[in-house]
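In structure tokens below, several structures.
You will see chain A twice below: alongside chain B first, and alongside chain C after that.
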Partner chain A sequence: MSAKYLPLLTTLLLVLTCACSLAQARGTYQTPEDFLADVFSGTPPKPETLWLQGDIKKQVTGILGHPYQALRIRYWGKDRRTAWILEEIGKEQPITTGIVVNNGKLEIVRVLIFRESRGAEIRHPFFTDQFKDAGLTGEQQLDRHIDGISGATLSVRALKKLARLALYLHSRTAYADDTP
Partner chain B sequence: MTRHKHKKTPAKLLKSLYIWHRYIGLSAAVFVILLAVTGLALNHTEELSLDSRYIDSELLLDWYGIDAPDDMNSYRVGDISITAIGNHIYWNTVRIPQAGVPLTGAVKFAGLIVIAVDTRLLLFTPDGKLVERLDGAAGVPAGMQALGLTMSGELAIHAAHGYYRTDDRFLEWHETDNLNADWSHTTGPSPELRAALQRAWRGTGLSLERILLDLHSGRVFGSRGVYLMDAAAVLFLCLAITGLWLWSKRRTSARTHRRRKHAG
Partner chain C sequence: MKQTMHALACGTALLLASLGASAELPKQRPTMEEMWQIIQQQQAEIEALKKQQKTTDQKAVTADRKAEAAVVAVEESATTTGHGSLLSDKTSIGGYGEMHYNNLDSKKEIDFHRFVLFFGHEFTDKLRMYSELELEHAVSGDSENGEVELEQGYIEYDLNQNHQVKGGLFLLPVGILNETHEPPTFYGVERNPVETNIIPTTWRAGGGAANGEIAPGWSYDIAIHEGLKTSADDSYKVRDGRQENSEADANDLAGTGRLKWTGIPGVEVAATVQYQSDITQGESNAGHAWLYEAHTDIQHGPFGLRALYARWNLDGGGPKAIGADVQEGFYVEPSYRFNAKFGIFARYNQWDNAAGDSTDSKMKQYDAGINYWPYPDVVLKADLQQQDNDGKKKNDNGFNLGIGFQY
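For the complex of A and B:
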């Protein structure tokens, strides 16, 4: 093939790559069922529920900046690990996120379903891996800095809130107890 | 007979240009005000919540041809009606946010109102507060076709792969071959409710942002409105060109006048 077609082919390839990445931005990356099966080696424990009442409700509202959308949250726990499927609106649509807290630290933060038209970059491991081993300070803030992503500010903010929320909720379950 | 061509002198041409500039300016003023006001508002869509504020003017809704669908799928639970219209689900006449469709059923169970939509069960308190959204991760079977109550008072689901039941904690789902249950069935809303739902549906059909965008582009008046705004853009161009022309002429004549004054 002649070398003169090389720039044309490169441009076409770049355009196609961009189009594909845009087309794939919205969608289900992993179903919540698969996420739970994944983090509990195929056999998730029975779910349990946590009611958002009294002080818990107040703290959750403080973390999110608004009341949580529901009065009760479901979670799955084993040993000192809990898994949460949480949702928070980025700009207009809820971002469904799977979060695993192990011994008071974040083990996994994974975007499961992304419905917004922008900001889907937050699903990539280069971003979510920053949360690994993060914990909560006394002021319910993450104990480390999370680098943002240009053009995905609202999605980044939503994911940081959910990470803090999962850590706080974990601390209110029986699985946070340090006694053996 | 001889025809005399009257050629305009530069002074007359300049005067004529002034007159044109003035009238073009006056004509363009209306469009400048419209574009400036709508443009300013659109630049601050989020701060002004233009995309979440809706127009309830019947005249404008009719102008845009926004009509609620006639097809309504409704389930009655005590005094409450759960209705699907288009892609929205309504609790009486209040829209349930991010509910999804289709609506498969609604029952009262364990002191809660349970609504089956899409792949989820939505649990509400009787006064309309969302308790929880349950999906496949919580064991809700895929492909829900009907929602009901068993004779022993459990929640029953007829799904794509069989029949399932659960207790009031919604923690475990048991599959059974067959289930004798009282399945919730769809009813047509009363004429009053239908009219109220149509008003509610129409009420969220036209956002303030859309009106401002259409005013800005002229589309509020259809395709002719777009040409009208094109004409306005041409007027702005004429205004800018005549303005620059007049300014340069005045500048040149002022310079000439000053030179003559110095020379004299």
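For the complex of A and C:
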């Protein structure tokens, strides 16, 4: 190899060395268990189950554009808050997301596990903060615009679907009851 | 008579007395022994019932577990559907396609311009393969217009959660369209002429690369790969120098580096630099080449803006003699998205593959059109094209229609 490529090769090797020194599993930014402990101050409530059947199944399919890949969804609820661990494929791989709904509005949207090779920018607060306090319209759409990230269109789309899904599912639990 | 009556009265009194006496007499209680037996009998019945209850409870628990296992099995066997389709939990397929109708001065043509298949496979959580196979212009073969090409084929490995390396044939990290060009992702039926002629998109090469994130919103790409091989016969046009990894001449490799910022949702700013020591892979009259490219891609609410500038500097007397020592271009494309289904755009393009001399060789093109997305992954396009070229280059005006999809 000619010496003219030495600077570039040196840079490449330096980058690889620095990168190799960080031995974390790719894409797992927070485990679902840690997320639940985090959002419920260390003591998450017992999980409950929402069965996807009848009208709920139909609405979920409408939101995602396809049936959800499970017969039921577990959730954790306390007061007027519910927490959900949901997955949706971006381009090829599922994105695992933790979502908290409080009083019918999004409180937290957090990417827990990202498996795609592109689009991981969606995990950053500068993107997910856009979802805070968003609710659902009558047509099951988010009531605000979410700006995307160039090159991560499909990941952004997946996250928006999951946000809508969590809001809808919350409305079908006892924790959505507005009676005092 | 009196005696009879008296006897009758006495008998009745006696009968009544005996009846009264029997009502007052206590019932016969069971003996202690009998009571003990009754208790034991009842206890045995209670034990039997308890046993029965326990068996019923166990059956209920077993039934519950079986139901849970059945539900889990159904959920695990369900085929994932989302944007991509999984053939198994490790292999995925996808693709895109576009058909064009061009009604221009230069041609009136209907053409299935591209049909592309993606295949991806995850060997492990960290190691994967990605490939793209493309058929252009519908039919490939001798004296046919089309061709079958391997657009990408590489192995990618995650060093950790922020950095990855790959080796194989891949798209170079330059421009806006070079890496992301599925039809629903851009305006205009045809890819813009600046990136087509100057980048030159779609530009793929064989080699090795590393990419990753260095800070939130900041990412990098560096690659060493096969270089271009243009020539005097091609007027040193960079587009004609793409080797496409087909027995590519590797006498002179190229190095590319990109820095990208996406720290605000809806905003991308990026710059690429590339160097190649001999852009002709050995011709005597040419030498090294530098590519500089910068762009921004903004989508904020309904407003969109794309702007890109790219410039090649080619060394050597050969390119300089015909003005090809500088090849450059830029475009600006504002757009407006009315809703999820409709958007309009306009674009001004200017490029010149012989900008190094004073000869009038600049090409200018104005485009305006509309995209209609009946579904996010399907698009219908229409646009008008008007050119205003310098010198002797004929203008190519008209309109284009297109259907595109991705999955």
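Simple rule for what comes next: the second predicted complex is superposed on the first by the 154 of 180 C-alpha atoms of A that agree within 3 Å, B and C clash if a C-alpha of one lies under 4 Å from a C-alpha of the other, contacts with A are read in each partner's own complex, and residues count from 1 in each chain.
What we mean here is this: a residue touches a chain if its C-beta (ideal position, glycine included) is under 8 Å from a C-beta of that chain, and two chains touch if they have at least 3 such contacts.
Worth saying up front: this structure is predicted, and the values here are computed from it rather than measured.
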item: Partner chain(s) touched by A:A70 [first = chain B, second = chain C, both, neither]; value: both
item: Which superposed partner A:L36 touches (first chain B, second chain C, both, neither); value: first
item: Touching partner for A:G62 - first (chain B), second (chain C), both, neither; value: neither
item: Chain B versus chain C as contact partner of A:K46, first or second or both or neither; value: first
item: Touched partner set for A:E88, first chain B, second chain C, both or neither; value: second
item: Partner chain in contact with A:A120 - chain B first, chain C second, else both or neither; value: second
item: Overlap of chain C and chain B interfaces on chain A (superposed complexes); value: 69-72, 93-94
item: Chain A residues within the chain B interface of the complex; value: 31-33, 35-36, 46-49, 69-74, 85, 93-94
item: Footprint of chain A on chain B - complex, ascending; value: 98, 123, 125, 129-139, 169, 171-172
item: Contacting residues of chain A [partner chain C, same complex]; value: 2, 4-5, 8-9, 11-12, 15-16, 19-20, 22-29, 66-67, 69-72, 88-94, 115, 117, 120-121, 124, 126-127, 130, 145-154, 157-158
item: Touch list for chain C against partner chain A, complex; value: 71, 74-75, 78, 80-84, 86, 92, 94, 120, 122, 125-126, 128, 130, 156, 158-165, 176, 179-180, 185, 208, 210, 212-213, 216-217, 219-220, 222, 224, 253, 255, 257, 262-268, 277, 297, 299-301, 376
